[in-house]
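The structure under discussion is supplied below as structure tokens; questions concerning it will follow.
A, B, C and D label the chains in the order they appear, each numbered from 1.
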């Protein structure tokens, strides 16, 4: 089995320090947390930008500052920038990509609901429509391609995976585009072993894929992903609890547990150099 | 195995007589086609409204006329009205329901892309976002419930099926709500045996479900649905080709083939009376 | 989808005219029933030999007589002879093959239990061990190969399918060896849709396979086999009830229903000539 | 999720110190290795008997000595004795059970081939038929029941799992009988993720089950078992390599890695007391 590439999603956009006091906000904090994740075995850092008070940011300057702070502390890590947002135009969501030209950018593969539901209170705390029409997706993939950036296809349900075939058919998808099987978003496919396995079966033979699991079910589904030959993502965007149930104090702690898990399953962890070669993403800055 | 309930979707909204000259448009034509479908074994008629020139209609008067023409010719059939439309407000899409109070109304279970792609020309002929946020869905289910109508939950992907649990958890879903596993819409789950089987596994034990398959793959996937104990839908909205490859001349011909198929699989076809009892939808007009 | 090859198992060894008065016994009756099956669309006849009183026979002369009677009435049909028996030596089970050199011979792929259990009486009416050690299997496949006969690999459980890989690895398996997924023997894999689908997934891409389902579940599982691109077998060995629940009066009636079923699923039925070409089994007598 | 019960199979019968110098042979060595396994988290010890030179033994005195040596060092551990052997009569295989009355005894669930094949040399090094006819199985389960011992149902393929239903139907199966899904024996179901998941789906809701995986694929399949809510077995009978690829120096090392793996998946390890309660196996000597 090939080596497993560990990704870490450092911060996300939906949670804040009321949920977990250790979530990084500023570019410098993201750089520090990035270093901890890399030291523990991550070779890809998936990053959302925030203002210094923790609110989501789409300012290009912030992305530039993050890129610099991370690159300074993690000279070779694969930097992966988010491009998703609910309620922003496609132009606003994408404008940092041509400027920062990150190694990887997220390519969200369909429109969908994106919500937070409270079973306890029987109501929705948040309810959005995440718009990614085929027209929007064409706009996004074109900008990603022009930046020489590798698309990470975020697939939140079964039909989303098939959309990759369409973009490949249109000649818009580079060969090294990767599949992320996102599980557990309210509006997407639920985070169950059966669903993960079904999603894995949809990925064409030979393509790189990873699981992204929201919530503490992450650990058990990551184990399945590793056992079935794929990679997985951890990090405070998706889950801030360690397998023991304790809250993590850093992204590094989460990556460390992920690396141990992969190794106990018999997988070796790719170094950043190996990950760059496996994914065909040469260093270019 | 319990009896199989045959549905027929008489006309749809996306195709017209250039595609198939036998598609019914007017209320009277829908009534005639409804009768042919019922004679061949259908006990549920799923109906979209059209203006007399075939363009989609959301006028309440048209739905009322359809209801009358169908009911006149099919005194006991279960009438199921569409509530889905791209680009219309939720109020416009739903305004015929409180007036016509059909036996069943479609309840679309998520936002999604809804498009037509040409592999030959490598482009999209149609690209829409079908908006069904959780807020919209609450509006829809409330109106359906107030009309005393049974919701038919149209699930176009795996995550959509889970949404039923949420509405059940909120106390908004009547016990007889049915699951429709819609396969083959560009934007939803592709029409493959593996996907259908996976969708079937998501439906909670004991609930009524049917497959709805767009395209000629309908016949083979309907066979799987029947073999696995469910029901299926045929009709000119979804597919106008007979298993032989010939174009059907009426909805009746499609239902007839569906009935034969079910019987050869060892399933008995429910009469309309039996279907009303199985689905707990008493006649009320 | 390629054409579907219908097989008919005319008689078997486990049932008799107390179970169904129309089961053929004598070579002449087998010839007549073979003709009815072929007329209805079968291109392969799977045949066990019986003495004239219906008891199982392994006498070479009986196989020779059957071959002649069938060939006389069905000049081109693919003749497939059983090689399985419980309690006989491998030499006795195989001795008709070098003499009759049939088009196809069954190749049983593992040792297993083979029994009949009565749920009503909570006891076993029959309990045998069907011995097919790897040593026996090597003996069998060598004789089949020497006769220039095509092996039909009878796989009664998941591990049996993998055994084909071993014989392929040893260089003992011709390229046109086919897979039969036998479901529903007490001792083998139960006849459920999930099990059939799992078995289908084990067959290497591009190989010909068919389902063989014991009991009336045959109809619904055959539908799944046809829908998933495979072929299926019917006939009085496996099941003597029509989809309607009535007992068949001939193998021809069973094949007729199978042919209709396949066609309603959208499959075309291969003629005997087409089947010979698809399976690379040229006529040679 | 309930706690995970770790089993350790200390020695087996098929390998010897040429394969791994740390395999225990004598009752005393088994006692020592048992203690190491228990210290590392095992609550069940599955044990085959050997003569002092390592050859398989079925002498009752040896089982008695093992029972005593293990019990002395592991006062509360659940002792599970093998009852399987190829080429021995059912009486010989079972005669230690009424005397030693272990907590658990293996109940082999079908006849099957049991072989060793060398891909390199394209031949079988060992080829046996493991006979467990329904008649033999009735003999075995009756003796297990009379000893007040809990049966561990060893299921080597899909059909074997169904046999549990038959014995339950006959009233011969105690409620706490457990399912072992054995993967990777040549003759049984191959050790793949898809096969394991399929086997898991066959186990009736609420029954205790564990995976037993032969070969180094054990680690990744154990991860899947743990992720799906089951338990798993490690130990020198099945595999003597650690996830790192190094050969283990003791059963304790293997259990230690298994315990870490389970914990990283988010599972807690049952103590022996908890395991006895979960499995309803009270201490009785």
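As a working rule, a contact is a pair of C-beta atoms (placed from the backbone, for glycine too) under 8 Å apart; a residue touches a chain by one contact, two chains touch by 3 or more.
The model shown is predicted, which means the values in this text are computed figures rather than measured ones.
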Copy pair chain A, chain B: interface residue numbering same or different (half cut): same
Chain B and chain C: spacing of chain centres that average the CA atoms, whole Å: 41
Gap in Å, rounded to a whole number, between the CA centres of chain D and chain B: 51
Cα-centroid distance, chain A relative to chain B, in whole angstrom: 37
Where chain D touches two or more other chains at once, by residue number: 194
Topology of the chain contact graph, where touching chains are joined (line, ring, star, complete, other): ring
Which pairs of chains touch, using the document's own definition: A-B, A-D, B-C, C-D
Residues of chain D touching chain A in the complex: 193-194, 197, 216, 219-221, 223-224, 226-228, 243-245, 257, 260-261, 263-267
Complex interface listing, chain C residues touching chain D: 110-113, 115, 117, 119, 122-124, 127-135, 156-159, 162, 166, 169-171, 185-190, 194-195, 198, 201
